[in-house]
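Structures follow.
What follows is a pair of complexes built around subunit A, which joins subunit B in one and subunit C in the other.
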Partner chain A sequence: MVRKLRKSLIWYVFVAPTFILFGLFVAYPTLETFRLSFFQEVATRQEFVGALHYLRLLGNQVFLAALVNTAFLGILFLLIIIPLGFVMASLLNNLRVWPNLFKAIYFLPQITSTVAVALVFSYVFQPNWGLVNGLLRQLGVEPLPLWLAEPRYVLTGSRAAVTILAVWVALGYYMLIFQAGLQAVPAELYDAAVVDGAGPLQTWWLITLPSMRPTFVFLYITGTIEAMSRFSDLWMLGGPAGTPARSLQTIVMYIYQTAFESNDFNLASSAAVILFVVVLLLTMINFRSFLQREFSSQSGG
Partner chain B sequence: MKSQIRGAFVWAVLCSIVLASCAPSAPATPQTVVETQIIVQTQQVEVLVTAEAPPVSGEVNVLLIGKPDEDSIDPVTGKNIPGIQQLETMFETAYPSIDMQITNIPWGSGATGYGPKTESMIQAQEACIYLMPGAFQYGRRGYLENLDPWIANDPTFEDVWPGDYLEQWRGWGPGNPDNQWALPYSGGNRVIHYDAVLFEQWGVEPLSQHPTLDEIEEKAKAMTGINPVTGEQNYGYWYQGKYINWQFQAIAHALGATWGEVNDDGTWTVNWDTPEYLQALEWLVMMSQYAPPGALAAEAMPEGFLTDQNVVAIIPEGETGYYLTPFVNDPKLNERFRTTYNLQGPDGKGGLFIADPVAMAASCPNKEAAWEVMKWLTMSPESQKYNFDSGGNLPVIDGAAEAIPELAALVDADAILNQNAFAEIRYPWASSQPRFSLQAAIEAAIAGTMTPKQALEQAQKETEDWLAQQVATPTP
Partner chain C sequence: MATSESVSSARPVTAIRGWLASQRNFQRLQQVIIFIIMVIGAIVMIAPFEWMLATSFSRSANIAMPRIPTFWPADPSVFNYKVAITNLPLVRYYFNSLVVTALTTLGYLFFSSLTGYAFAKGRFVGKSVLFIILLTTLMIPFEVRMIPMYQLMRQLHLSDSYAALILPFISGGFGTFLMRQYISAIPDELIDAARVDGANEWTIYARIILPLCGPALAALTVLSALWRWNDVLWPLLVISDRDLYTITFGLAIAGRSQGIFTGVALATSAIAILPIMILFLFLQRYIIRGIMLTGLKG
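Up next is the complex of A and B:
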């Protein structure tokens, strides 16, 4: 046993730095967040208050509205990015001239600072002299949309503007993952389809789409998690209050505002734990719903 | 032999711990320089010897925000911008026995802003003196030293600040409802600008030095439309959507509104849904029609501000960060973009108080030296001038403008230098839920998704729900 352990010791040494960093910067803060959520700061002491903060949050309209708005923005984003990413990846997959150049161009927003992107989009959507309204003015559109100054649920409102931003940023990444999936579909399936006389649409519908299922599920699940933790771009565009009229407020913005603007770290920790539970539940439901077949085929076979 | 050495070492450590814990703790009140007269009698001569208590000494860690790390040159004006080490050198020349160690962090934004860094430093007891815009919050939580005893016991301390500057930093704390949490350090203000060229083109009389709501309304209305000289679309009024709350408070206070009060137990009573606030919101919604479309999403001055492309006549809530350095660098600018005092209420006060204070951590191990550092940072003309030279901050002490000729030469120096002395007392809720509830309500009213009455009712309800969840902090 000792000999076995000594033999594998070197491998533990290799993983130790990662493990220590994970423990220090992920596991410890996570556990500390759970602990803080059950306490209340009284002067400089922390006093145990049980589930008080959770009860406060569940009756807090601002928190619940932020949760709903986060979900709404997330659903809107996924409804656009997944089909669009797939269509664009399919088109790019058939491109024979400089495909890598286009991949790099589409991927660029992904590696651009969120703050810079948000700043640029605040100019793009500026109602009075922004790029989009400038073009619309040239086309004779009247009255011009207000974009980031419009809190209503309309196609030219603040939610639409930030969704366009998010799609623009994420499109390259989604296309890349879809492309990897497309290139993994066995060529024999397409050859067999041609032999069977299937048209391009039938091939796409009956071979490509089903073969891409794991990729769709992966992007859907990771996209859900990302959408629920959206913060930086909305903070830049909406400011601390999620302007206009909280239409850009998300749950992470609420957490940040509570912790670092209002200095209520205990309440913010409780909100973070609730977000953790919501994301965990969503992920579990998604896994069970979409990967049920994979689970059952693995256990059966 | 080894075990004997080890034993001796353990004993030495134990003894030093015991001695350290038995040693008298640092006095809670400041030690001022004491002059003692000792008369030494010799055979024939009487000698008078004056002895002074040794000067305070030691290391004092200071957290400052947004100062330049190194000396540099302004790429536009060519002026020298002094780095933070110059401040350190100035202090240590004046106080050679104290070692001031400055940690300089950027203001930043969001998750990388100064807020989380300040929180980490104060919890880890990393510094004694903090440049701390949120001093009230930290005072409430018991992290700060009440400066009242230090002020009372220091004969060299003077109230060198104009108006209510010092009182602005009094606040509630655990066990004491009225504490001096900080001293004013660097200044700013919120003033009203107007474009004198646009006023002239429209044939409208310039704004008075203390404009009223009626005057602003009348003139803004007159200057919204196609400019008779340039043929451009002009707007009479401006509002900063994302921070509209501060402008709204100034308007409401001009109409006699007051937000509420701090209760004896540290909780607040907040009244948003009052006739005065309703009148103010209705006025603001009405005025929004004279502002450029999309101002609701704005977080600063209108596009073209301080340039010939400006199309907005009256621009409230001008902040020093936007205008002061350009005015100093190009005196012609402040001939076109004139400055008046902010709106004033029946009590002669009005506008958001803008000043960043310096506070002392309650955990500071070297408070005597820290107090000297604090006094020098806040009260000395050298430190105030450094603030101006390094970042364009307004000085906060009386007479500092005389030391900075560029400021004294401004066309509207009176309003620029004195507005802050007439500002409203700081709002303790400025970073808390009541602010964000009111902000959302104002935005909804301007966007037209709610009536002003509905908006204020919603803000009041949200605020009351939040206040009901706040527990009074017991006396420790």
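Up next is the complex of A and C:
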């Protein structure tokens, strides 16, 4: 027994540093977020207040708006990027000249820091002389859209501008992952389609698209989680409040503002717990529906 | 119009049909169309950067921007760059970014591979429980735990230090998981042979395992470097000392400040962006391969 433990000892040494760091920077902070969310600072003491902060959040228009906004921006982004990324990846996959050059060019915004890109886009969308409106003016568009200065839900408002920005940034990454998936589609499937006399478009729609299911699910799940924790670009463009008129505020920005500008760590912690629960639920729902369908398709055919 | 044109173009249409009937011609046309679409996309990708550069080299951009966007400065000058460099200690920011990114990434590679090796090849009590705990940590976003992390840094008197930017990120669930998967595929015979020769676990780790993990370590380097270099939320919480700003954070603070001149702001952006872009063009094969291996982006 002692010998067995002694032989195990070296493995504990290998595992220990990682788990000590996890304890300090993952486990403790997560539990502390939960604890803080049930307490209230009174004078210098923390007093237990139960679900008070959660009730405060449920009646808080700013928080609810941030929650809805995060979901809205995330859905809008995914609705555009997933089909666009797939079509562009399919095209690039068939291109014989310079495919790697294009891959690199499309990937450029992705390796550039979100902050730098957002800063450049604050000028790109400047209403009077920005790149976009400058080109629109050349095309005779009148009146010119306000983009980042327009908080309403319109096709040329702030939400549209940041969605264009996000799609522009992420396209290269989505194409890359789709291409990896495209190259993994078994060649026999295509051979069979050719034998059956299917045209290229038919093959793409009937063979490629269904074979890409795992890639779609992967990008959809990671995309959802990332959309829920969106912060840097919107903070850069609209500050912690998501100016104009909080049209760009997300949950993480709300948490940041509540904790570090209003100094209400307890309320911010309960918002963080809600973010955690939402992300967890989304992941579980996504995984479950994916796995269920995977099983039913296996038993069905 | 439709009738007259269709009559006159009846011949060309049949001619085009005939031309397309040849498989080679059809494919040639397909290649041209795809190529044109890709070029248009590439222009959209590059145009904002090019416009940024053109504007950053234009001195008059600070006073009045042209109403028609130009992709070449009307009055080329490096004035904005001079102002940007005198305004902000950009060299210092770059140095900070390099120190933080390099140290964090080295730590991340070391701890991920060490613990990954233990989970892949080790035999010890509680291994599966610890592995499940490891997987659980993957589910907890940074944003959920950032408030207590900030408080912890203050309590440890680590705010405004390199340690604050480095320590929380030198180990990670994803890195450990990836290394464990990768090392699991290494045949046991190699390790057993080394053990018979009297090598201890440290030697096996350093001499046998690490040299075989090149692609996985490269992928983790890319991810960790992109994460650290581009992060802004964590520095925003723990760094207020200007001497410790990273280039990304410094650019963010400068860009968000009121009254920064357009030309100067874009010159600062260019200084922050271009070296990384050039580095990417040199390393793009490895970076793209790394991202394809892990499926994650920076």
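Everything below uses one rule, namely that the second predicted complex is superposed on the first by the 274 of 301 C-alpha atoms of A that agree within 3 Å, B and C clash if a C-alpha of one lies under 4 Å from a C-alpha of the other, contacts with A are read in each partner's own complex, and residues count from 1 in each chain.
Note that in this section a residue touches a chain if its C-beta (ideal position, glycine included) is under 8 Å from a C-beta of that chain, and two chains touch if they have at least 3 such contacts.
Note that the structure is a prediction, hence the values are computed from the model and not measured.
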item	value
Touching partner for A:Arg152 - first (subunit B), second (subunit C), both, neither	first
Residue contacts with subunit A in the superposition, subunit B compared against subunit C	C
Contacts of A:Met236 with subunit B and subunit C, given as first, second, both or neither	both
First (subunit B), second (subunit C), both or neither touched by A:Arg246	first
Partner chain in contact with A:Ala272 - subunit B first, subunit C second, else both or neither	second
First, second, both or neither for A:Glu41, with subunit B first and subunit C second	first
First (subunit B), second (subunit C), both or neither touched by A:Val115	both
First, second, both or neither for A:Asn128, with subunit B first and subunit C second	both
Contacts of A:Leu67 with subunit B and subunit C, given as first, second, both or neither	neither
Which superposed partner A:Met88 touches (first subunit B, second subunit C, both, neither)	second
Touching both subunit B and subunit C, residues of subunit A	115, 122, 126, 128-129, 231-232, 235-236, 239, 256, 260
For the subunit B and subunit A complex, residues of the former touching the latter	109-111, 113, 115-116, 119, 134, 137-138, 141-143, 174, 241-243, 292-297, 299, 303, 362, 431-433, 436-437, 439-440, 443-444, 447, 449, 462, 465-466, 469, 471, 473-474, 476
Parts of subunit C lying in touch with subunit A, wherever the complex brings them together	30-31, 34-35, 37-38, 41-42, 44-49, 51-52, 55, 65-69, 111-112, 114-115, 117-119, 122-125, 127, 130, 133-134, 137, 139-152, 167-168, 170-171, 173, 176, 200-202, 205, 226, 229-230, 232-233, 236-237, 248-249, 251-252, 255-256, 262, 265-266, 269, 272-273, 276-277, 280-281, 284, 287-288, 291-292, 295-298
In the complex, subunit A residues that touch subunit B	40-45, 56, 59-62, 115, 122, 126-129, 144, 146-152, 158, 231-232, 235-246, 256-257, 260-263
Subunit A - residues contacting subunit C, complex	5, 7-8, 10-12, 14-15, 17-19, 21-22, 24-30, 32-33, 36, 88, 91-92, 94-97, 102-116, 119-124, 126, 128-131, 134-135, 137-138, 168, 170-173, 176-177, 180, 200, 218, 222, 225, 228-229, 231-232, 235-236, 239, 252, 255-256, 259-260, 265, 268-269, 272-273, 275-276, 279-280, 283
